[in-house]
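In what follows, a structure is listed as structure tokens, so that the remarks can point back to it.
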């Protein structure tokens, strides 16, 4: 996609200074911008780059005084930062504006699809599925029997949703994420083999949830695995069967949450964290990256670290001593030697 | 899917008490059930919930005595727990009952497909592939040249199997899992760059294996990566080239096993474990979550923990002292001070 | 695929000794080979297996003297190791030789596709996409609007590339990997909820990069996430928004690199490593598996370990003392007891 400075000026109600016909086709930071880039100067701290940038077009504040000559075409607006935010959203909307049913796609006759919906080629919408209004089902998605999608749901290419799952409104799921596969449930059969336990629950994802790429959210054995309103999950996360994640909790990439564990609201969980099954984390709990949580955490708003995790500050202190362990051991050796001498002296 | 209490009573040979026409469309635990749910009471410990549950229908034992009035419709059976197990399996079978070849799908003319097979839309079955009887190939699966699938294999949507791989009978693979991609093999070329080593082996998956979602099992450089009979792998696991996993070994989510390592039979490996390459783990080895195994473990049936891992009990003891390290250091400071005083006194 | 000893002899300009019509359909190590296998003897250390192997055909050096009778058909060549390398590459090329546009596939009329390209069934090539010459787009891949692919790019089945991303020449991406999904960017809205920050940058992947299966590389918030020339990424890796990975750096499976972090050239990063955001790792940095890097590492070519990571050798020493912590604590107890006795004596 390409715009001229003139076109951008019109979109932003701004004043163009310099060549109005210069085209830009990408957005870049002012210090990294090359020819063909649009950039902006909102923070006076970066003013120096205005005089050296290779950006073809720079958006600046109306009241920006030029201390030196500028090569770029300028667009003056009341607030450069707001202007760029508006542009970002417009650009994103343009890129993600898809509508209509592409062919070939598979929509089962018993499925119902709302208004203004995009169904990409090779998408599969199974029996009795309900898709709300303004949903975008990108190419290669799979929606199994009896799944319900609210309004304004976006499933990026290749999302797979197993039968009976329920998604609320404004849910965004990125490519390759799997919702509702079987939980990892097997019963030892006594002879060393395992018998599969049928996993017949589902996954419920409430409104305003966003889930990254290649994450897996398993269906409940019975009942529901629940992702509450406003939760944000990053990429490559494992959510096991019957887990419940409280509203507005944020989980970073590659974290794993084991079966039947419940996270409170507004928790912040770092990347590569492991949380064992059948425990509860209080509201507002924060867990540092790579930690392992092995027991219920009852106090609200506390910060944890380590594997197994304990209080963040205490862990930091232990960690510092850990790095001096060889010295510590030598000091003990030394003490023992002296004591030996002393006790020889004394006795 | 929806059933009335009457229909369920017939399916279970049970006696209905209460409204036989009340419909249920999901299964829930008795303490969480809402209107429209079917629940059950098998464990007397939960009897209290029988009198407060919102479940529309509850399955109970014939000999269950009612201490208080019950709102739900009841279905009495000889054994509530067995009845629910039967129902779970029936429900699951109904949901997963798919058959026939959906269009559009791609089946190469040289491929052979057994009887009673389901091939979903957008599935791809390549040249010379052999698919056994009663297999289910869900939408969007890809099966490359010369792959062989036994009988009763289920590939959930979007499973990809590279050329030459072999799957036994009753194998279940969940969505997004990749079987047989190239192992991570590169030879330093001397100038800082790396040359790719051709990965021309395959993956062999024996009977009764189940693999979760978005797991990756790489093909061998030469020979085979082997997943033995009855192995259960969870989600987001990495199995590198030439690994061999012994029968009935269970591996939890997000664990990684590096190249050419061999796990014995009936091992239990926790989540987020890392195991280095070219080592062997004895039969029955147990590894705690988040541990890192860096050497061959020869003793059978032992439990390991930590990164690098050592004996579970020893690690637990070290871990406890780790949390007191700052105090330990202070005690050494104190001892040194006293010794200094003492030696001043003495000399 | 199946070859006779005679056919292999012709391919390798070798001399066949024994039954020229014996067929082989797989390659195996000489010590593991079964009937139907082709094997080779390049290293004299393995000569013993030549006399016991079940391989149907073995490639040996011209000057190999037979100390005992051999059951297998032999093919003599000047250099058995080179011969097998040639065969591996030929085999791989045969298996991966795909060409033409399979149907049904989706190629937007505004896309341009180079010469000698393979587009598998159910692949999707969106508006304004440019695909170079000799590219292979396997079944079920998705390439969004305005993406540019260089020459000789291979996308294995189910790779998804979001809009605006750019791939250089000779890039190989394995199944299930997601390029250019939104970075994990959310701004706290003050009421506990989070507002999405539009992610409008892209991903740039330079020449000769290979990426494994089910890895995720997020697009930049603004600007580009950059994977430099010759980088090799394994499976299930998380690369966050605005990360930059220097040329010829190698990253093992399940590692995660957080937002805006920059890795230098020729780094070697182990598996399951976590690297925090907004830091820089110097050229040639090596990080041990499962480590956590929490700060900028400025010295080139140094090796790090632990979580948080510090110098490899120091960490190894601390780790050894860690395993003796319970004993260390007892020694301190003992010292305190003696001191107490002593000070009683003295005072």
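Brief remarks follow.
For clarity, chains are labelled A, B and C in written order, and residue numbers in each chain start from 1.
By our rule, contacts are C-beta pairs under 8 Å (C-beta built on N, C-alpha and C of every residue); 3 or more make two chains touch, one makes a residue touch a chain.
Owing to the predicted nature of the structure, the values given are computational and were not obtained by experimental measurement.
A complete topology is adopted by the chain contact network, contact being made between every pair of chains.
Residue numbering shows that subunit B and subunit C use the same positions for less than half of their mutual interface.
A straight line joining the Cα centres of subunit B and subunit C is 24 Å long. Along subunit B, residues 104, 122, 140, 158, 176, 214, 236, 254, 272, 322, 324-325, 328, 332, 335, 339, 342, 346 each make contact with two or more other chains. Across the complex, subunit C meets subunit A through its residues 104, 106, 122, 124, 140, 142, 144-146, 158, 160, 162-164, 176, 178, 181-182, 184, 186, 192-194, 196, 198-202, 214, 216, 218, 222-223, 236, 238, 240, 254, 256, 258, 272, 274, 276, 292, 307-308, 310, 314-315, 317-318, 320-322, 324-325, 328, 331-332, 335, 338-339, 342, 345-346.
Contact residues on subunit B toward subunit A in their complex (touch as defined above): 1, 26-29, 32, 85, 88-89, 91-92, 95, 102, 104, 120-122, 138-140, 156-158, 172, 174-176, 208, 210, 212-214, 230, 232, 234-236, 247-248, 250, 252-254, 265-266, 271-272, 289-290, 319, 322-326, 328-329, 332, 335-336, 339, 342-343, 346.
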